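In order of appearance the chains are A, B and C, and numbering begins at 1 in each one.
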C-alpha cells in the first residue's frame, strides 16, 4: 500500500485494498476515547501525512467537556460454576460502551436491568452506549438473554474510566488555494463495519487519490469520535472555519443500497448542488434527502452558530437498514464493489468542485461555424441530428455568457458534468471559449 | 351560559351549547335588514360586550347605499276556496327575500313566473333573494309547484320595504396589543343552518373562550349581513383597518365535511400560513383553496382597495354540497361534534397567532449537551434514536438563529406548532433558548 | 389572392388558399442559395410589400461567410446501358444539397459511399445536405439502393457552385409603435411540405391578415435560408435588434399533431407567457417545451450575444415524426385544417400582444354594485352562482390594482385572454375600469 499505488491501482484493486483494511480494523474495540481508537487512527494514517491529536480529559469544548478516557480489558457474565455465558472476548459489542467497572454476583432480576437485546432480531447483539451515564451493561442476543435462568450470576467488567485523552486524526492535503473541503468520518464505533469502518477506509482511499494528483482546493480530513470529536475540533479550530467552503461527512458507504446525499442545513450550498448533480447521473437510483438536525457530525458543523456547508454522503442512511447498530453490521455486510463505487462517486464530486468555472463564449453572436473547426458532422439532415455530444457543445456555447458555470450548463442540459467539461475543453482548444472566473468567484 | 362556563365546559358541552343556540336561532326569519336580524344579534350578544349598530337606510357606503329595511309578517298562496297551499308560516324560505308586498289574484301563468323550485331536488325549497330587484316571488318544492293546477291563485305577501336601518353586531375583545384579528360572520340568511347559523354560534363560542384567557392580540368580531354589511362596516371604519393583521370569515362550520381554508387575496399572509399549518395537522383530511373573488365577505375585505389579510374557514365550501341554499340545510344537517371540531381548530389557529415568535439559541455553536440537562436519553445507539420529541428539540435549537419563528420551525420539521411550542418552553426553562422577537416584529 | 381577401375569407377559404400555395411551391428545388429559393420568395411576396435582398457570396457574416451559390439543372445515376435508375427529375430530394458537380463512371463500391437511404423506412428518400463539405451524393429509397447491383454506374450531377448571392425576403408591417414582433421562417428546404412550406404559407397568411387591420406593434417577417440566413440578417441588422420585443420562428405547422411551443432562451419572455397561455386554452392538447440550443433559427436569435425573446411555434416538433426530413413529408402529409388552426393560434397570440395592458379599478374599495349597472343577475342564491362570465368580471375588478395586466388576470383566473379582454371592455364601458399602462410599460 505505498502511496503511489493510488495512481496505478484499478478500481477493483482499490476496492480490495479498502476491504482488506476494513477487515483489519473490524476486531478493534473502539470508543470515543481510548487505546482502540488510537490503534485505529494509527492504521488509517499509515504512510500518510496524518497528525494524531490528544486532548486532555476535562478540557472545556463549547458547551461540553472532554470526558474521561475509557479502556476495557475484559468483561463477562459467569454462572456461579464459572461457566462464561457472555464474553467480551467473543464480541466487543457485548459491553455497553463506557460501562463502569463492576465485579459482583448479582441476582438475575438486577442483571436483567443491565441487559440489552433485540426481541425483533433474536440472533443479533445490539450496540449501546452510556457515555455520560455512570452505569454498566451488557448487550446480548435474545437467545443469550433467554438462556439466563440461574438465580445469580457473576458480572465482571474490567474497565477503567479515568482522566486521559480524547484522540483524533487530522490531515490537510494542501492545494493551490486555501479554500478547503472538509471530509469528516466518525471512528468511535467498535465492531460495526458499514457504520463506520466503510467511511474510514473510503476517506483514506480518497486522501491517497488526492495526494497523487494536482489540486486547486485544499482537503482537510478528520477522523474523530462522533459528536464529542467534532465538538472538540470545532472548539479548537474556530479561526480556520472560514476557509471551509465545502464539506462532507462520510458514513455507511459499503452496503449494497444506492447512494444517498443528505443536504447541508443551508440546502443550497455548492456541495448540495454538486453532490445532487453527481448522484443524479449515477446509473443506479439515488436519494437526495433534506437536512434534519439528527444523524452524524453534520449536526455539529451545521449548528446555527457555524452553519458550515457540510452535507453527508451515505449509501443506506443510518437507521434505515435492519443491520444498523447490531452485530449483523459485520464485514460480510459490506461489499468491496460498493466501497469502490462510493469512492468513485466522491472522486466525481471532487472533480466538479475542482473544475467548475465560468467560461465565456468568444463568438457569442449567432452560433460559431463549428463545421470548419471539425466540431460538427459534415452531412446534415439526419433525424437524430441532435447527437448528444454535439448538443452538449451547443449548450456550453449558448450558456457561456459569463453568468453560468459549467455546472449550471450541466444542470440545464441534463448532462453529466464530465461531458460538459470535455465539451468546454474542446471549445477552448478551438478558441471558441475562454475561462472567465473560477466558480468560487461566480458573481 | 355564563361567560365563565367557557373555562370549565368540556368540548362536548360546548358543542351541545352551540347546537342548542343554533336550534333557537333557526326559526327566525333573518334578512340583510329587519327585525329578524335584530333578534338574532340580541341572542348572539347575550351576556357579551356586544354593540348593535343601526345605520339608516340611504346612507352612502362605498359604491353602495344602505337599502330600505324589509320586514315580513305573513305570506301565502291560496286557492280561490281559501285553502293555503304555500305558507310562509310553514317555512320562511317560502318567500323570496326582499319581495315587494302583493295581494292579488293572479292567473297561474303569471304566478309561475314568480315561482322558484328545484327540479333536481323535488323535496327541497330553494333559497332565493331579490334585494335590489323590486319584484316578488315564492320558493316552493317541486311537488308543491306541480300541484298548482288551478287557473287562478290568490298571492299575498304582507311585507314592508321602507326606510329604516341596517343592523350589525360588533365586539372588540381587547388584548395586550392593538393589533387585531378580525372574525366576520354573515347573519342574513333565514332558516339555513350550516350557512350560516353554524358560523354565528362558533364565532360566539370563540369569543367566549377568548374572553376567559389572557390575550396578546385584540379580536374584533363582526356579525353582519352579507356583502352590504361588510361594505357598510368598511365604509365606517377605514381609520382602523391598519390594525387588522389577520382575519377570518367563518361559514359552513357544522357539516360533516373536512375543514377547508380559502386563502386571502395575498395568498402568503400570516393567516394563510397559520391556517394551512393547523389544517395540515388535522387528523382528518383538509383542503387549502386559492383565493377567488367569489364567496362570502372576504370578497369585500380582499378588494384591491383594502387587500386585507382575511381568509375564510369552512368545512364543506359554499356551493359544493347539495343541501346548500335549500331547506335541507336544516339543524339535522349540522352536528355538534363538527361545530366543536371547528371551534377547536379556530382555537389552535389563535394559539399559533398568540404564541409564534422568534427565539435565539443561547448555545448555538455545536449542539448543547442536552443529556446533562435531562433532555436526552441516557442510553444511546437505539435504531429509533430520532425519537420524535427529541427531534423537535433539535429542530428548535438548530433553527433558532434569530431568523426563524416557531412556525417556521414547525413547517420545516413537519411537526405541529403545539409540539414545537412545548419544546421551546422546555429549552427556555433549561436556559438554552431565549425570546428574540415576537413574530409580528420578525425582520 | 388580393390582399383584402384576408378580411373577407373564411378560415376554410384561407386554409384552402394556404394549401394551394403550398402545392405550387412544393416541386421547386430550394436550397440555402440559388434560383429555386428566389422563385419561392417571389411567390411568397406576390402582392405584398416584400423586399428580396441579395447578399454576395464571400460577405463576412458574424463568424461565417456567405457561401457560393448552388444551382442544379440535372442529376442521375445510369446503368452502363443508359437506363436511368435514379433521377433528380423525379424528386429533388435525390441529390444531396450542395453536391459538387460530377460526371463519372464509378464502381459500385465507390458509389455506395455516396448513397444515403433509410433502412428503417425503405420506401422513403431521405433529405441530406453537405453545404460546407465539398462532396457529392445521392439520396434514394432503400429499394433503389438494393437494386443497384451492377459493377459500374455512371453518376452525373449537373450543378454549379460559384460566387453569386444569398437571397432572403423581408417585410415590415408597420404599426403605431416601433416595437416589433419578428416572424421568421426558413425557406431553404426543397420538396418538404411540413418542414417548412407550411411555415411559409402560414406566415404569408398572417402577414396578409395583419395588413388588413389596425396594429399597435410592428411586425417584421423574414423568409430566409436556415442558419446562414438568420446569421446574415443578424449581421446586417444589429442596429435594429433593440426594437424586437417578441419573436416566433414558425415551422411544421401543417401536420395533424397538436401545437407545440418551444420557449425562448430567456424562458420567461412575454412571448413565452403569451404563447403558453394561448396554447393552454386550445381545445386540443398542447406542449410547451423548454429552450434547447438546437432546432431552427431560434438557435441564432437566442445565441448569448443577442438573447432575443424568440420562441418557436410548431405542431409536431422537428425530428419527432417519422416523415421528418424524408420524401414522406409531402403535401398529403399536410392538412388545410391544420394550417388554418395554426394561423388561428398565431392570430390569438397577436391579439394578446396587441391588447394586453394594465387597467385600474376605479372603485377599488369593496366590490362596486354591479347589479345597478346591469352586470349582475337580479335573483340571488342559486347554487351555481359563480357563473363563469360573472366570475371573470370579478377577477378583472379584483386584480386591476395597477400591478396586474389582463394576461396576469387571465392566468390567475384560468380563463382565456379573449374572455378577460371582453370583461374589461364591459367594465370600461360601465366606468368601473380605466387603462393604466400598456403592458410594455408594466412596472
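The criterion applied here is as follows: a residue touches a chain if its C-beta (ideal position, glycine included) is under 8 Å from a C-beta of that chain, and two chains touch if they have at least 3 such contacts.
In this text, all values refer to a predicted model and were calculated from it rather than measured experimentally.
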Mutual neighbours - chains that touch chain A and chain B alike: C
Same-residue or different-residue interface between chain A and chain C, half as cut-off: different
Where chain A and chain C are represented by their mean Cα positions, the distance between them in whole Å: 54
Multi-chain contact sites of chain B, meaning residues that touch two or more partners: none
Residue numbers on chain A that touch chain C, as the complex places them: 361, 363-369, 371-372, 378-386, 391, 394-395, 397-401
Residues on chain B engaged by chain C in the complex (per definition of touch): 62-64, 96-97, 116, 126-133, 135, 137, 227, 230-231, 234-235, 265, 292-294, 299-300, 302-307, 319, 324-325
